[in-house]
Structure formats: structure tokens, C-alpha cells
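Two complexes follow with subunit A in common, the first pairing it with subunit B and the second with subunit C.
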Partner chain A sequence: MAEKELRKQAQKEERAAAKKEKKIVTKAMRKRRDGLLFALLLSPAIIFFVVFVIYPVLYNVYLSFHEWNMVSPNKKFVGIKNYENLFKDGEFIQSVGTTFKYIGICLITIFVFPYFLSYAMVHLIDKGQETYRSVLFFPSLISLSVGAIVFQFLFRGIGGPINAMLAWFGVEKISWLNDGPTAILVIAFVATWKTFGYNMLIFLGAILEVPTELIEAAKLENASKWKIFWRIVLPLTSSTAFYAFVITFTYGLGQVFTPTNILTSGGPTNSTSNLVYTIYEAAFFTFQSGRAAATALVTLAIVMVVVVLYQALEKKVHYAN
Partner chain B sequence: MNDIVFKNVCKSYDGKVNVIENLNLTIPAGQRLILLGPSGCGKSTILRMIAGLESITSGDLYMGGVRVNDIEPGDRDVAMVFQNYALYPHMTVNKNIQFGMEIAKVPKAERDKQTDWALEILGLSEYKERLPRQLSGGQRQRVALCRALVKKAPFFLLDEPLSNLDAQLRTSARAELVKIHEVYHPTFIYVTHDQIEAMTVGQNIVILDKSIIQQMGTPDEIYNKPANVFVAKFIGSPCMNVGDARVADGKLWIGEDGVEIPDDWKVIIGDRSRIKFGIRPEHIDFAEGSGDVHAKVTYTENHGNKLVVAYVSGGNEMMACLDPFYKLGDDMYMNIQWDKIHFFDADTDKNIGYPAR
Partner chain C sequence: MQTKKVKNTLKQIFWHAVIIATVIVFLYPFLYMVLTSLKPFADIVASGANIFPKRITFDNYIHTADAVPLLRVIANSFMVATLTMTVKMITSVLGAYALTFLPNKYSNKVFYFFIITMFVPFSVIMLPNYLTLAKLSLLDTIVGVSLPQFADASAIFRLRQSMRLVPKSLIEAARLDKVPHMTCLTKIVMPLIKSSIASQCIFMFVNCWNEYVWPMLILRNQEMMTITLAMKKFSGSEGSTGWGTSMALATISVALPLVLYLIAQKQIISSFMSSGIKE
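Right after this comes the complex of A and B.
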């Protein structure tokens, strides 16, 4: 009887051990299977990222040390000559200056202005808000290329409607697009026209989120509208403002390409060409792919400097949570 | 001097419906006045009109003898505590409290002194450099009080300041509010829908319903001599029992049971044949076997410190608060205590008065 029980006990232990072993195997298998599943799910994104981001960036670095016309089977290694040429070249330096001019103008026209306007719309203007919002947002729905073509017509030096209207007030004909400073203003204006309403909506959303009683509490303290904006609304909307600032910066850096291409093609005498347009011109007009690649990398370096500045700025941003 | 006077004040948001209708109210200087009423009765609107955060559609509002209809909120010299405190989330406790003084260009040394004084009073000194999100609800509420306190404004407005606190904190916060008032005796206007806050904090209570003042009086007057059925039922927990009765042959008939009316009450009741009577649950006198009016007990609740009994008398559903050890029998009666009863007109719901005693 006791022997039987002992045997039973041994069998039981054996089964438990087998079960445990089985469990360990299962766990290991499951881990492997999960790993495969993760890899499978991530692979489209990884492949996309490698093919369209990592590889082009690395290839760009490679190209920047070569001379190549994009057709020839041979790429000639030239070391840092492309970079040396860039910094010797007045055109490149000019385009860096122009890029910062665009960024500066855009920061005022599509960052500062809509910020103030949306504050005014929430706290100062009582009537017709819906109409203003619709009218100002409308250009965001139109393609920038289409808008640029329309403005090309409006700003024509000869026979352009804007010059015709100015003539009524005795203003002499202005060569809007054939004069460097005015052409930069027109291009920045078109970029502003396109983005102003979008940024304004973002700011509106953020300002409306500021609890009314905070504004009321400040009013009871006799704080002026400006103080309320500066001390309450600005800090509490700083996270949105930070986002809009980044977007505006990149817009000023890159997106003025479309109006530049359509309105002036970088002219007159390269005065409206920003960095991105210079890259495009070098690569696809003069087929100097090495120079284009070097310009792109310098642009990237400028952006990196700005990113570091952003990070310093972000420490001052108030996030609700 | 710092009294507040509403003269025929109306407020309408859409130009059609008045949310405040012809308000006439005088709030004496230095008083703790409570605006009490259910949600939507217009009490917050009245407070916001005093603060200048709501415009006045018609009528006149005087503060300290000056007509303030067109005076900006910042020029009215009011301090206000908002329901959710309205602390600036990006500023520390210290900066929150000093904000108003900075705007008023008070010198830094004076600002620091005032802030430390207020923080000391409300026991918040160690939280000076914290952000509001690092504080508990009760601490935030006290910071809001500090911010209002340092202003030392002659008008101190509070919009349901305790409604976001738990029951225990409310009790201590109520005492703090009274303490703050005692510091410099501003004209204190306190909006709440909580009758206990009203009774404990208020020197005077204004009860509002549907934008109309139902009664203004001391907590004692409101509790013991309610002006109408609404006030009678609004104050007290459980609320006053109000039931229908008939008057005939010198008797008060509740259902099938008639009780002889004392002579002094007969004078007050006059020739009314229908009437509403009111008895507070704690004034119900129960007896077993015999009594004035038969009471059919429906259920009981033991609250520990009292026994709440629900019963029906003459078709009226009523409540009684009894001693927790009271033993209910099968055949219960309610005895009318004539010095504890209230009568209201059956048509107008208004209190018909009390015999002189």
C-alpha cells in the first residue's frame, strides 16, 4: 500500500517537473515569437526610414565630396573642394542671408501677428468673429502654387492690378518682382497669405483653452490687456506658441521655395534665392550635385544649431500636464 | 460706508429673458452676507455683477455710495475667490499672491511682508515656492484666500469657494473664512448652495429662487421663521415637513384626524379653510397608541446620532428625527406642538405669521 502511494507520489512529481519544463519552453518560444512579430510590424516603417531617409542622407554626405553631373557613370572625388567653393562664393553667402530674411519676416507675419490677432479675437473683438476666422483661414485651403500664380499676375510690374490701383493714388509703377528687396517682400507676403489663417486657428485654440476665470482674476487686479497677454496668456499658451514657432521657422527655411520658384526663380540676380532654392538650382539646373549636396549639409548644420537653441527655449515653456 | 445697494437691477444675456428681475437689495458694510439658492437661481450672476464681470442691463448698483454700473472690475476694489480658485498654474504660490500687488506697483519689501503675513494666517508658509499643481485642493483654496486677503479690499467676494473640498476640509475651511473676515471686516459676500455653509458662516442670508429674493434674514430668522414654503423646505436637513390640512369647526384636519386649534393660532389662521402646515423633523413628537394625528411608518434609517423615520400622516409623506434608541410601536401617532408649527397660505405658499408669545 505504502509502495503504491510512493509510486503515485513519484509520478505526480514527474508530471509537475515535465509541466514546468514545458512551461519554460513555452515562455522562450513565446519570447522568440513576440520578437519576430515586433520585427514584422516595425519592418515597413524601418524599411521606409532606411530607404528614404538614412540612405539619402548618407548618400548626400558621399556626394558632397564628389563632382558629378548626375548623368556621368563616374563620380570624381574632390575632397572638401565643394565646401571651400561654397564659402568663397558670394551667391551662397547671399542665399544664407536671404534665408534668414525670410525667416525673420515670417516670424513676424505668421507668428507674432496671428498670435496677437487671435488674442484680440478672443478677448477684444465681440462681433463677426466667425466671419474673420473663415476669411483668414480660407487661403490655407488653396494650393500655394495656385496662389503664387495668382499673385504673380497681381504683382506684375506692367499691367498688374496692384500697380494699377496704386496709380489711382499717384504712386509710380513698382517693379515688384524685378527688384530684390520688394521681391523678397512679395514672396514672404505670399507665404504669409497661405499660412496666416492656419497659425491663427492654432493660436485661437490655445488662447480659448486658457480658463476664463484666470483672465477675470487678472482683470480684478486691474491688469491691462497687455499685462494679461504677457503675464497670463503667453505663458499658458507657450507650448502651442513653441510648436507654431518651430513650424514657422521651418516654413521660412524651406517652404518659401514654391513662391520663389514660381514668382522669381531666385532672381533678380539671385537676390530672392534662399538655401533650399539654391540646392534645387545647383542640382537640377546646373547639375552640380556635389555642390548641391554640400549646400544641403550646411543647411542641415544651421538647422542643428537652431534645434539646440529650441531646446534651451523649451525649458521656459509651460506644459499643462 | 462700504455698503452695496442694488436698485431695480435687471440682467439679461439675450435681451429677451431676464435672469435677474428687478433686484433690490442692500448689503450693509462689514457684514458676512450669504447668497444661498439652488443652481441657476442667479446668485453667481449677482456676485459677478458686484465684481464687474457681468454688465448690468438696467437699474443701478452702488458700492460705497458710488454708482459702479460703468466702472471696470479692476477699479472697484474687490477681492474675489473663484469656485475653482483661478490660481495661475505657471506661477508659484508666492507669485500668485503677489501678482495683484505687482500690478498695483506695491514695493517689493511690502509685497513680501504682506505675502508672509497672509501665508502665516492660513498656515501655508512652507508652500511658498510650490506650484499650484503641487498642492492639494484644500491648500489651493487657501492660496486663493491668501491672494484675496493681501488685497485688503473693502469688498470680499466668494463664489462657492468650498464646493471642491471634501466634507472634513469644509468644516475647517468654514472657520478660516470667518477668521479672515475678522481680520479687517470687509463687506463679505459669499455665494453657496450649501445651507450648512450659509448657516455657519453668514451673519445674514439672502435666499434666492428663480432670480427672486425669497427671504433675507439672520440664520435664526431663516430657520425659525421661514418666509414661505420654498425657504422652509430649502433650509434644514432633512427638510421641513410641509403638508396639506383643512380648517373646520375650530380644528385643524390632517386627513381624518382633527386637532383643536389654540385661540392665538385661530386669530392668525383667520377664515382660511385650506392651509399648509410645516413641522421640522426634529420637532415631531411621536406617541404610541393615542395622539393627535395617526402616523403610518413606512421605513426607518439609523444615522447613529439620530433615527430618521419616514411616515405618512393624512396623505402627507413626512419625516421625523428621533432619538436613536427610540422604540417604534405598531400604532404610532404624531402630537402637534403648537409652539413648533408653521403655517403657510395654501395658495401663495407664504408664511401667515406667528402668534405673539
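Right after this comes the complex of A and C.
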């Protein structure tokens, strides 16, 4: 510690000496130097983003106008044929529908449900919040592939634990993964297991930020807990909620891939195939790079619509408050 | 008064019950995985909803070590995760420092650019990235798995959140003393936010350790297999041997994230709780 102090002292003296040499750095010069450093420090991140995020998006645009099997040296320009084929294809339309079904389930299980649960953890119980939240967050640190493999085991048709439990209530054996609708449900459950804790922490953070005086005042006026949620907590946490909504939507799109790949590979008869999975199949199974790129851009367009809507809504809410 | 008190206690009990039920639902798959990995082959198929093993055995782990080059697999995952975490942390700390302490008229634009990259789903860019890596002949390499993940907007975003809590006057005073920015970063800012950096490191490491899709596309050679890929190999194969092995592998893969979480739980939780709150 003392050595550090001494060194600092020495440094200071050196600097004082330098100052005396009247190396006056003008404000403009410093500004320019700071600007240079700004660019220098940000350039590694920017370069990686340009090469591995921006360029790929643009390259997708290029690929989507061409026909190419990923091996041949020539790419054939086909105009918008890839998009036309896509929208004429029943399987593609079905996969869009499946994607929205899946997102719809996820919005209930990892948006609405943790929202209410966080409120219950903060305002409806007196203690235990910290223990509950650390346990509930834990699955968020487990790999989606682990989740998929364990759920595959849990939801086995024959001898699976879930079916065994349902049998107690007289429910007949369900072939979860061999049937489109139930398979989508199981895939959504895997994503829920992964994301629930993460979203819960975001909601908890926002709900704890709501000024306690407001809630105390409402309690004095005998407002019900239900009313407090709708009238105070919900409006004051809405900007976080919008953020969580968009995150759930975009990450949900990504998270559907691993369980689809491990649990069903898109089957039975394509019933669980979704946008993200069709990109993968077109690119790495049937080697139609044009189709894969076109599907990728449609997916991106859907996400961008949601993001733009989010920003518009957020502004509105912002001004309304 | 008395009835009101009773009513209140009942309400408390009700909500605790709701939350505990949720906790059980979320822990059940994890417990099932761990306990199944300890069951003998014959028990696994027959046990139905019964979560507890009749007899504890490590046969599944022994069998796993025979069936998979376990050390190699763990080493591969470890190398990918360490490399990704290290470079990602460097690019993120530098970026977050520039955005926080060297603001200029471009900072907002750069920041929005970063945020936009957060909303591009991975699957949208996986084919072009695969082609880029093929061109660089980085398929089947550790670097190939890591390279596209070297920059992370959400990490920059979260580090910036912590850096903003460092008093600006501290840096300004140091700058008046002609302390270079890099020294400010390493000697003032980083020590002050070290717990946030530690939790980000753990989160980056765990995320990469858990990665499945991208390694699956890049690593085709059995020698390069990571732990998530090894798991998939045994999943779905009917018969208890496959199930036992995949549950054992899954348990092994969860062990490291679990230990790291137990160490840094508080930090990780507080960093995520603040991630959704706007300034």
C-alpha cells in the first residue's frame, strides 16, 4: 500500500514537471485525442458486429436472390423466385403458424406468469422472496440441450413420468412427441424452463423499483392488492414489461431451435417445424441457400416489426406518464 | 381484528403454496435428471413417476466414461468457453468504457447500433457465418466456435450500466492529473466494478458452455465434440443404457454452472434484476 502511495507521489511529481515544461494541450487537441481513443476502444466490438452480424444479414439478401447449392462455383440469379416459392409453399405457411403458436404459449408461460409471480413474491408474501428467486433462477443457467434431453425423458409416451402422474388422475397415455400440438407444447415447456427465471428477475427488479410510498398510500385507502397491481405496479413497470416482451419474442425465436432439433427434428410430418428450423433444414439438409436466406429475412422482418412496434408503443407510454 | 389477522395468515399461506408449487415444477426436471443418473439400468425404464432410486449406483457414469472420451469432451467445452469469455470480456469492457467515459456526438448512434445487433436472431445469420468460417478454414476448430461470439451487445449494455455508477468526477480528477484513460480503466473503473465483471464473466462462460446449435454446425469431427453434442448422441436411443448415459452426461454438464452459480449467486441475480430497468 505504502509502495503504491510512493509510486503515485512520484508519478504526480513527474507530471508536475511535465506541466512546467508548458506542454499545453489545447482543448481542441484533447477532444480530437479523446475521439480517436473512443473509436479505437469501440473498434474491436464494431468490427466483430460488422463481420458477424451486419455482413451476414446483407449476404442473406444477396443469397436470397440467387439459386445456389453451396458447392457449385456459380450462383444463378433468379430474382424474387425464392420468395415466391416460399409463399406458395404450404409447408412454409404452416411453419409460420407453428412459430406463432409456440410464441403464443411462451408469452403466457414466460411473460404473463412470471409477471404475476414476481408481484406475489414482492407484495403478497412477507418473507422468503430471496430464497425463492435464487432457486427459480437456477434453471436459466442450464443448457437448452440438457432441458430438451430431460424433457424428452419426462414426456416419453411409454413409461414416462409425466404420463405416469397423469395416470393417477385417470388420464390415458399421451404420445406427447408423436403428435403435433402436444409436441409444440413440450418444445415450449423446454424454452419456458430456460427463460422463466431470467424474466422473473427482470420483473422483480422493476417491481421493487416502484416507490413503496405509493403502495403504502394505496393500502391506507384500503385498495385491494389486485387494484394495486393494475393501477400502480402495472403502469409503473410497463416500460420494463415492453422490454421483456420484445426479449421474449426475439430470444424465444432462437430458443425454439435446440428443443425442436433434439425432440422432434421438425416432425411428425413437419408439424413442429418452425421458421428457425426451416432455415436450418434448407441450409444444411437440402442445400437450398436461396430458400434459407429468404426464410431468414422473413424471420428478421417479423422481429423488426415487433421491435418497431415496441419503440412506438414505448414512446406513447412514456409520454402518457 | 382477529378475523382479519387469520384471513391475512391464510392469504400468506396460499401465496407461499402457489410459489412453492412453482418451485417444485421447476426443480423437478433437474432432480429427475440427477436422480435418474444414479439409478441402475433396469430401474430407469420401470420407475415411472417415482423420482427416488431404489439403489444408488454409479454404473451410468462408468458407462459414460467408456462410451465417450469424457476428458476430451470436457476439455473442448472448457476451451471454447474460456476463449469466448476472455475475448468477449475484453471487447465489452473497452466498448463500455468508451461509451461511458468518452462520450461524444456519435456515442448514442453507436449504442443504438449495438442494441440493433441484439435483435438479430442467431438463426438468421447462421448460414452466412458458416460460409465465412468455411472460407477461413475454421470449421472443426475451437476458434471457429468462438469467433462469431467475440462481441456481445448485451454484455456491453450491462457493463455500461455498472460503469455509470462510477462517479464521473473520479475519472475527471484522474484525467486532470494526466492519468491515461487505459490506466483509469484498469486501476479505477475495473476494481470498482469487479463484482459485476466477475458475474458477467461467469454468465458468458456458462452461456458458451451450454451452447448447442453453433458447435453442432461447426464441429463435425468426433475429436472436437463438446459436452452438449456428446449428450445428444445418446438421447432418444431407446433402452435404459442410452437414457442412463445421457442423464449422466447432462448431470456432468450442469455441475460446473451449478458450482459457479453457488459462488456468485448474489452478484448474478442483482445484475439481472437491474438489466431491465431503464435509466
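Basically, the second predicted complex is superposed on the first by the 265 of 321 C-alpha atoms of A that agree within 3 Å, B and C clash if a C-alpha of one lies under 4 Å from a C-alpha of the other, contacts with A are read in each partner's own complex, and residues count from 1 in each chain.
Heads up, the rule we're going with is that a contact is a pair of C-beta atoms (placed from the backbone, for glycine too) under 8 Å apart; a residue touches a chain by one contact, two chains touch by 3 or more.
The structure displayed is predicted, hence computed values, not measured ones.
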item: Partner chain in contact with A:F92 - subunit B first, subunit C second, else both or neither; value: neither
item: First, second, both or neither for A:F65, with subunit B first and subunit C second; value: neither
item: Subunit A residues touched - subunit C or subunit B, whichever exceeds; value: C
item: Partner chain(s) touched by A:L297 [first = subunit B, second = subunit C, both, neither]; value: second
item: First, second, both or neither for A:S289, with subunit B first and subunit C second; value: second
item: First, second, both or neither for A:Y280, with subunit B first and subunit C second; value: second
item: Contacts on subunit A seen with subunit B and repeated with subunit C across the two complexes; value: none
item: Residues on subunit C engaged by subunit A in the complex (per definition of touch); value: 11-12, 15-16, 18-19, 22-23, 26-27, 29-30, 32-33, 36, 45-49, 51, 90-92, 94-95, 97-99, 102, 104, 106-107, 110, 113-114, 117-132, 147-148, 150-151, 153, 156, 177-178, 181, 206, 209-213, 216-217, 228, 231-232, 235-236, 243, 246-247, 250, 253-254, 257-258, 260-261, 265, 268-269, 272-278
item: Residues of subunit A that touch subunit B when the two form their complex; value: 211, 213-214, 216-223, 227, 231-232, 235-236, 318, 320
item: Residue ranges of subunit B touching subunit A (in the complex, touch as defined); value: 51-53, 72-76, 78-80, 82-84, 86, 88-90, 99-100, 103-104, 151
item: Touch list for subunit A against partner subunit C, complex; value: 12, 15, 18, 34-35, 37-38, 41-42, 44-49, 51-57, 59-60, 63, 70, 117, 120-121, 124-126, 128, 132-139, 141-154, 159, 161-162, 164-165, 168, 193, 196-198, 201-206, 208-209, 239-240, 243-244, 246, 250, 253-254, 257-258, 261-262, 275-276, 279-280, 283-284, 289, 292-293, 296-297, 299-300, 303-304, 307
